[in-house]
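Listed next: structures, encoded as structure tokens.
Two complexes, one shared chain (chain A), two partners (chain B, chain C).
And now, the complex of A and B:
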């Protein structure tokens, strides 16, 4: 039982191998699978970002769809109206989301806890309503991307699928690596302490305000780019679907909660499960959402740390290691057993 | 110059006044014991000094600077370390990482120096052997040690101990006492809230009694404890 840790290296190897294989997706998979995986990558990005905000920085946002929608409309504006190359427009969409995040933050950071959650939602809905009023962007009923924009992604449909696939893959990889490196940094150490006990983190010198600002401004461009990639795949923007609270916020929360909030593995596991369930329960129609909802409520009640929390207890190691270890010399003193040599035991009866 | 100079400090929550015009000084390297009945404002006083709450009125000077409005993390970085009455570990992080957070963020040390500082603090508090365990799995004694250990890792000039011996057996609290003594020797002033009087008596050079958010007595521990007013309020005699 205790030897499960010996699986750590092979499992991590498998994970890396899987990621490398996905990089060659367009050569390995057919069109349908590529579309499926593109959606998976985009949802994974949203899950990683919501996890960083709600799981670590205590910013339980219900307005993630706001930045996704801003990215979608920015892409439409740059490509359809501005004639910008879609590959460039995807990045510009991230920049626009970042710029929108600054005043949003100034507004919602005045609120805490449940008020902040509602505040982010209100801002997202306001952004949706604004998008529906913008001239030249289809207003309430939305607009389709011109064929010429789609052609810039590739001459044939399969080339276009591949382009969008790679964009989504690169985005997911960047989101993962950014989150991973952040959590391994000094700031990440503070964020992890915030996750576990915010007041104690502040009392030990963790700058809670700076950490929150950093996380909020870091996630916005990723959400915007995700919105842009989603739009390239759908070839269409509309207020209701580009700013869909269900798809880009509620499902994402389900995924993160089921997978395991406050871990790096959780959002990945949760998003995987979401797509597996969606695929297998599609025939059930709306029932698949009821199953998903019931599953996330059961998780909150029975295992608040999610599926990964459950697996972590059995495995006793992190699949994606972000924790820190002391120096080798220090650790070496304790490898002999529970009462090793050289340990300074404090006396229960100290000399007066 | 005093290390801490509290002037006319007041704190109320809504209509409830918890600290009322308190004046208190602490010298460099002094160990000040704080006692008082429940609701006397002891923990609120710590929350005001450490930055959990902002004062309603009055000021808190630390090394000559008014820190009354500074954020908790900024005060920590100035060298004010604290423990919590009810331990607040970072439950999912290892014991070592708990201490590292304090050394990196509170101590402002480089990664290498922080690691060394954390290892030394673990050794000093007798937690070294438990370094890899998730902090949420520790016993009460070890959680209290961890509270102390984290506060040490910021290299405090001022250490606020909130009932560090509460809930422990005599032998256990004596063990912690030994650690506190060593921390004091390293050059920290200590303010120590404690109900376990024999622990305080061993270390405190001065004792204050809080009552109704104000100072009832201040002075030599034995003289304070012999004061009839203190006996009436605190010891119920």
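And now, the complex of A and C:
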């Protein structure tokens, strides 16, 4: 077992190398692969955000698709109606999602913890129905982005693919780094303490409410920008697809749960697996979701930390460590001797 | 004009009876599960399909079919709690929520695979078209029977929870499982029985939903949101408050539907969010 930890550095190196390679995607991959990876980046962002809320901040939201849809409609409004450059509109869409998140937060945080999840779903439903009534946005049947907007992304189709690819890549990278740095920060330490024992964390002076509000508001702009990038790729908005509960909430939850909730590796692994299996499972029709639902229930029953939880047991180290290693002195006192690598983290994995 | 307003209100109250039926089981199960059963609406839909198959398959009257399904629903609720939900229940909301979320998706897609996406309706026989005249208003008998069923069920559940021995056990275990097991109660058994009762309320709700409106495999989440809003609007723990919550929603949707048909559902959500903003404890909180 001890030897496996020596793979940590090479594996992390491989991960960084892979990310660097992806940055040059348009020069390395063909159009189909670029579209595929663009979808992967967007789904990864949704998974990272849901994981931050459900896995760390104890906010189980079922209404993610609400902010994705707001981002999609904001993009349409700014570009098709307002004539704003799409690269700017993508960022503005994130701002709009953030502005919508403020009153949403004020409302759903009034609900007790057990009711909060369904409360977010009600808000998402209300946002979807409202989007279908906005004048100039296609109402219930939706609207297509004008060709002129697509042209602003690039003169040729391949230039457009590349633009959208880079937008999605930059978003995914930003989402990953933000989550990583947040979890490594003081706030992340508080969140981890809260996840492990809420009362004890509160007693130690962790401001739980503030940390949870911060996380909720932080995720909204990322979801909104993801919705905007998705719309640039689909070139269409409609209440049913832009606010799709299946696409932007159900699949995302399954990906995170199966991959491993409460870690950064889990959402990446789950989203990767989802895209690898998607083409095979899509032929199954309704059975696709039945299989994913059964897998996620089995995960909750057998290994609540998902596939990454299983892998980590074998590896005995975090690929993307968000928790801090205890000092050797501390480890020696609590574990009856210094650990071989001084790398075993106490707070990361509470007794299950 | 006055007659039209009165009619909208009365229709809203009548549909509120159906919403209260959706909500009763949810209200009870939150106390047991310590989490919202995300599959609650889908359970209602799956039982509606079961009733449809029994009623049409054997040519039975729908209420006879309901009588046959009630014990099945009790056992279903009991088994679900004992063999699945109990295994993930604990302090955290996450695990039971995600397990019921998985169940909801499995049910929706299983029904889609088995019955197809076409909307269905339960056969109500002569009851469907009967109209009675009250104070000069022509009211459908079926909506009146639905409201009456809701009132009877609330009365029965209220007696069961607050006046009977079983109710005392359920409340004791739900308040403090540790203390309850100290005095010799088996929390798992009691939770199972409580979820069995929830299952029976789901069956009654399923019967009247199928009689009063179309349903399809995707109807579950809509039912869940209605049930959830009724419970929170009414005030947690109050069964009669839940009826009031359902009525508020029904009237809001009725008024919204008068403005424009498309506003019906949105008007319900808006009133819910508005009440949440000014009175988060609900209209008639018990605790």
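The working rule: the second predicted complex is superposed on the first by the 325 of 352 C-alpha atoms of A that agree within 3 Å, B and C clash if a C-alpha of one lies under 4 Å from a C-alpha of the other, contacts with A are read in each partner's own complex, and residues count from 1 in each chain.
Note that contacts are C-beta pairs under 8 Å (C-beta built on N, C-alpha and C of every residue); 3 or more make two chains touch, one makes a residue touch a chain.
Predicted model only: the values in this text are computed from it and were never measured.
Asks: Between chain B and chain C, whom does A:188 touch in the aligned arrangement: first, second, both, or neither?
Replies: So A:188 meets neither chain B nor chain C here.
Asks: Looking at the overlay, does A:294 come into contact with chain B only (first), chain C only (second), both, or neither?
Replies: Second partner only, chain C.
Asks: So in the superposed three-chain picture, is A:224 touching just chain B, just chain C, both, or none of them (first/second/both/neither)?
Replies: neither
Asks: When the two structures are overlaid on chain A, which partner does A:245 contact: first (chain B), second (chain C), both, or neither?
Replies: After superposition on chain A, A:245 lies in contact with chain C alone.
Asks: Scan A:200 for contacts with chain B and chain C and give back first, second, both or neither.
Replies: first
Asks: Answer with first, second, both or neither: which of chain B and chain C does A:111 touch in the superposed model?
Replies: It touches chain C, and chain B stays clear.
Asks: Quick check for you: in the superposed arrangement, does A:125 touch first (chain B), second (chain C), both or neither?
Replies: In the superposition, A:125 touches chain C alone.
Asks: Taking the superposition as given, does A:270 touch the first partner, chain B, the second, chain C, both, or neither?
Replies: Neither partner.
Asks: Can you list the residues on chain C that touch chain A in the complex?
Replies: Going through chain C, the ones touching chain A are 30, 34-36, 38, 84, 87-88, 92-95, 97-99, 101-106, 108-110, 112-113, 221, 224-225, 228-229, 232, 236, 262-263, 265-266, 269-270, 272-273, 276-277, 280.
Asks: Flag every residue of chain A that touches chain B in the complex, lowest number first.
Replies: Going by the criterion above, the answer is residues 186, 189-190, 192-193, 195-197, 199-209, 262, 323-327, 330-331, 333-334, 338-340, 343-350, 352.
Asks: Quick check on the complex: what are the chain B residues that touch chain A?
Replies: Residues 50-52, 71-73, 76-77, 82, 84, 88-94, 96-98, 100-102, 104-108, 111, 115-116, 118-119, 122-126, 128-129, 131-132, 150, 154, 171-172, 174-175, 177-179, 181, 202 of chain B touch chain A in their complex.
Asks: Along chain A, where are the residues that touch chain C in the complex?
Replies: Against chain C, the touching part of chain A is residues 54, 58, 60, 62, 106-107, 110-115, 117-119, 121-123, 125-126, 129-130, 132-133, 140, 245, 250, 253-254, 257, 261, 285-290, 292-294, 296-297, 300-301, 304.
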